[in-house]
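Shown below is the structure under consideration.
Lettered A, B and C in written order, each chain numbered from 1.
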Amino acid sequence: MTQVALFHTCLVNEIDPEVGMAVVRVLERAGASVDVPEDQTCCGQPAYNAGFHDDAREIARHTLRVLSRTEGTIVIPSGSCADMIIHQYAVLFQDDAEMTRAAHDVAVRCREFSQFLGEAAPEFRAGRLASRVAYHPSCHLLRGLGVRREPIALIERVEGAEPVHVQEHDECCGFGGLFSVKNAPISNGMLERKIAALEASGADRVVACDLGCLLHVGGGLHRRGSKVRAQHLAQFLDEAADGVR
Amino acid sequence: MAFAERAIDALADARLRGALDRVTGALGSRRESAFASLDHAEIVRDAARAARLTAIEDLAGHLERFEARLMANGARVHWAETPDAANRIVADIAERAGVRRAVKSKSMVSEETHLNAALERAGVVAVETDLGEYIVQLANDRPSHIIAPIIHLTRQDVGRVMERQLAVPYTDDTRELAAIARQRLRQEFLRADMGITGANFGVVETGTICLVTNEGNGRMVTTMPRVHVVFMGIEKLIPTLADLDRCLKVLARSATGQKLTVYTTLVNGPRKPGERDGPEELHVVLLDNGRSRMRGGETAEILGCIRCGACLNVCPVYRTIGGHAYGDIYPGPVGAVVTPGLRGLEPFRELPGASSLCGACRDVCPVRLDIPRMLLALRDRVEREAPTSRALGRAMKMFAWVASRPVLYRRGAALVRWSLRRLSSNGWITRAPGPAAPWTKYRDLKAPGPRTFQEQWKAWRSQSSQSSQSSQRSQRSQR
Amino acid sequence: MSEARTAILRRLREGQRTGRMPAIPRAQVPEPSPQTADELAGRFSGELAALGVELHVEASADAVRTRVKTIVGEQRVFSWDAAFLPYDLGSVPMNFIFGTASRDEQAGAEIGLTGCDAAIAETGTLALLAGTGRPRAASLLPPVHLAVVRRGDLRFGMGEYFRDRADAIAQASSCMMITGPSRTADIELTLTLGVHGPGKVIVVIGP
């Protein structure tokens, strides 16, 4: 039994708890024993990306306190939050030797969700679900963490799932955190390109590992009355598991 | 006009967006193929990065040595802190040499200083000779891309510009358009008194200026006129010719997908005695304009940029809004970092935020510049020195305070969730309030449910432990 | 020394203390494996073909002279001085214009004739040094550039050329490296040849 501490992220906790429940079920199916530290709040990325680095440090200190009290692997179902904790905390605290050490000690225990499954459960039985799946590689997951293959490998393990090709598939969807609001017209311009590519791909769903991207793309698809659904990888795997029960 | 307004204008220009899409897509894929053909590409990129960072690390020392070699080669070296000072130096050189007409090969630094306008005021006619820049000059327009300055114009646009400005019959055939330019500009090359170029690299070891062009105008400008002025930023140095080999291997591949541009010209000094062409006088003008200040801050690394334009071609923001929206000479990811450094943070404080931090630029940069890191550092500076919204700053401060206090955080979050749910119908919000309104202008917002994940998980956990307890009890009672 | 110079250098040195610069990577670029003369010639040919450069390979000095005469014919040829042309090309009866001619005469030539300092096989590049008797304009003004290369001029890469000929390059006023005919793609990214430099390049390789 692998011990896992789940850093659920603020978006999952507040806006889409179903994603979190799917993550827990999938992790347990993969042989993990999941604990959810109660006092977690936010990784601090919105403040960091918006340029409020003192505020980000305050939030990061709290998060590091909470996570340093956990045991086992810290699993994070968000590429951007994972990148924040694993890489950006080191930047935030680069002039503070003690905090640099604290951040490092937590960072080495962290894994993004699909990364964790790839490492800890390579034989994971992924279930069955007839579907045409567009995978959207969120930017911090792809370029920040270098996680490229794992989510696709998991989708391919689902019987009946057909990955479809998306034009310029690794181009940013336009979310970018507060960018989506502060630069909404440009964010929308980027969103339109992504939605056009998704619709042209023939997918019935777009799957990603970042709830931020999914709320932005999913919200756009919904506004436009699209038949394409937006789903977190955990929800897709959870749905596929139902296919074998 | 602020960045936001320029961006909205650009978004509405369907023709521009189509052109941007095509050109950036084409240049981007050419870059990919070209790098696939480069042996040990990643090591060569590291070597190019090492060359640039070594020069920037001790830029003062390298500049002193560069100057000494140039002077030994017979060139005159001039230093300018500001655009005005740089322009005055060129105007003085022109006056002392009796220059009436000048021809220019691509120099972005001369755009920084508005050199052409200053020369005009000094009575010198300066003609741009890169085809794209020539058209921009004829049309009284501005370039929209570092490498392909007129990607925002169709060939019909170009035909109309030439017809109007040169009194030639209209044509939209690109070969005919190029032939017209060749003929007109040849006359300029042959009668010009002064040639002005930029510099792609300055090689310290030999005191060499390296220029790369495809059209041949760089060669014309450094061969025909009797005076050659090199107008360059202080940061363009690399230590040795061996470094030049590495940098050239990645420059053209990144910019246009070629292994090398057609003409790679090394200029060491003015013509030697006995030579029949080449300039009699070579002047190198070294411009600071904020670069030395940048060396002392968080964005020092951006001084390593080799101006290839690869970051533009992959940037989803640039691809959506084009170059003019950035409001100054350098657009795209590099522009968002460099412009506040050159022009000051306050007037360009929106630029560092004009990015989703996707990192595609860092991936393709031939010298691996970490642009997202620098954008984040600039955002921090913006909020300290020139904040756009004090209300947002206060809200962030409060959020940080609450987010360190879980009990308060849970209560605050519950309140926000409750208010959002009140605005929702069928699980969606179509008109978000206040500062969140821009979201719902373009997208629906998923409404929060009645419980947080923490609450759901706790309930699920206690249910499953109850059911496992009760199944244990029933197992025991069955025994 | 100017005030500007002093101020700029001072600011740079201060900046060295306060600026955030990343670590400088270590990079050892592997040397290309040694090439035989035939491999060099083969690679050079392939690159020239991809650039659209017309290539003739001749087995003797005589054959080179004949080939050049055939190509040039009765055209006015703006040439390097005879002393700098390989294979005694100066002795071939052609309509020569040299660097001593007026700019207008030079510009009126239909073809330019030069040798080279080196030919770089990796990229199909001709390296020419400026100097007495070797006017730069000969490879620039006429619409066609004919370059005569000796097999011994071939090198694999630019790095090797810079090492081998370091002194000659440093002492020349200019080194011009030419990779194919002049071109532009500024208008709608459509390729057009022969903008300011020669639109056609011809290479003759001799023994």
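The rule is short, and it goes like this: a contact is a pair of C-beta atoms (placed from the backbone, for glycine too) under 8 Å apart; a residue touches a chain by one contact, two chains touch by 3 or more.
Bear in mind that the values here come from a model prediction, so they are computed numbers and not experimental data.
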Most heavily contacting chain pair (counted by C-beta pairs in contact): B-C
From chain A, the most remote chain by mean C-alpha position: C
Chain whose Cα mean lies nearest the overall Cα mean: B
Centroid distance [mean C-alpha coordinates] between chain C and chain B, Å: 31
Separation of chain A from chain C, taking each centre as the mean of its C-alpha atoms, in whole Å: 53
Residues on chain A engaged by chain B in the complex (per definition of touch): 8, 10, 12-21, 24, 36, 38-42, 44, 46-56, 58-59, 61-62, 91, 139-140, 143-144, 170-172, 174-177, 179-191, 193, 215-216, 218-220, 222-223
Of all residues in chain B, those that touch chain A in their complex: 4, 7-8, 11, 17, 316-317, 320-321, 352-360, 362-363, 373, 376, 378-383, 392-393, 396-397, 399-404, 406, 409, 413, 416-417, 428, 430, 435-436, 438-439, 441-446, 448-449, 451-457, 460
List of chain C residues in touch with chain B within their complex: 2, 4-5, 7-9, 11-22, 24-30, 32, 99-100, 103, 107, 122-123, 125, 130-133, 135-137, 140, 157-159, 162-163, 166, 169-190, 192, 194-198
Complex interface listing, chain B residues touching chain C: 22-23, 26-27, 39-40, 43-44, 46-47, 49-50, 53-54, 56-60, 63-64, 78-81, 85, 129-132, 135, 148-151, 153-155, 158, 174-175, 177-178, 181-182, 185-186, 189-190, 206, 214-217, 219-220, 222-224, 234, 241-242, 244-246, 248, 256, 258-278, 286, 288, 292-301, 370, 377
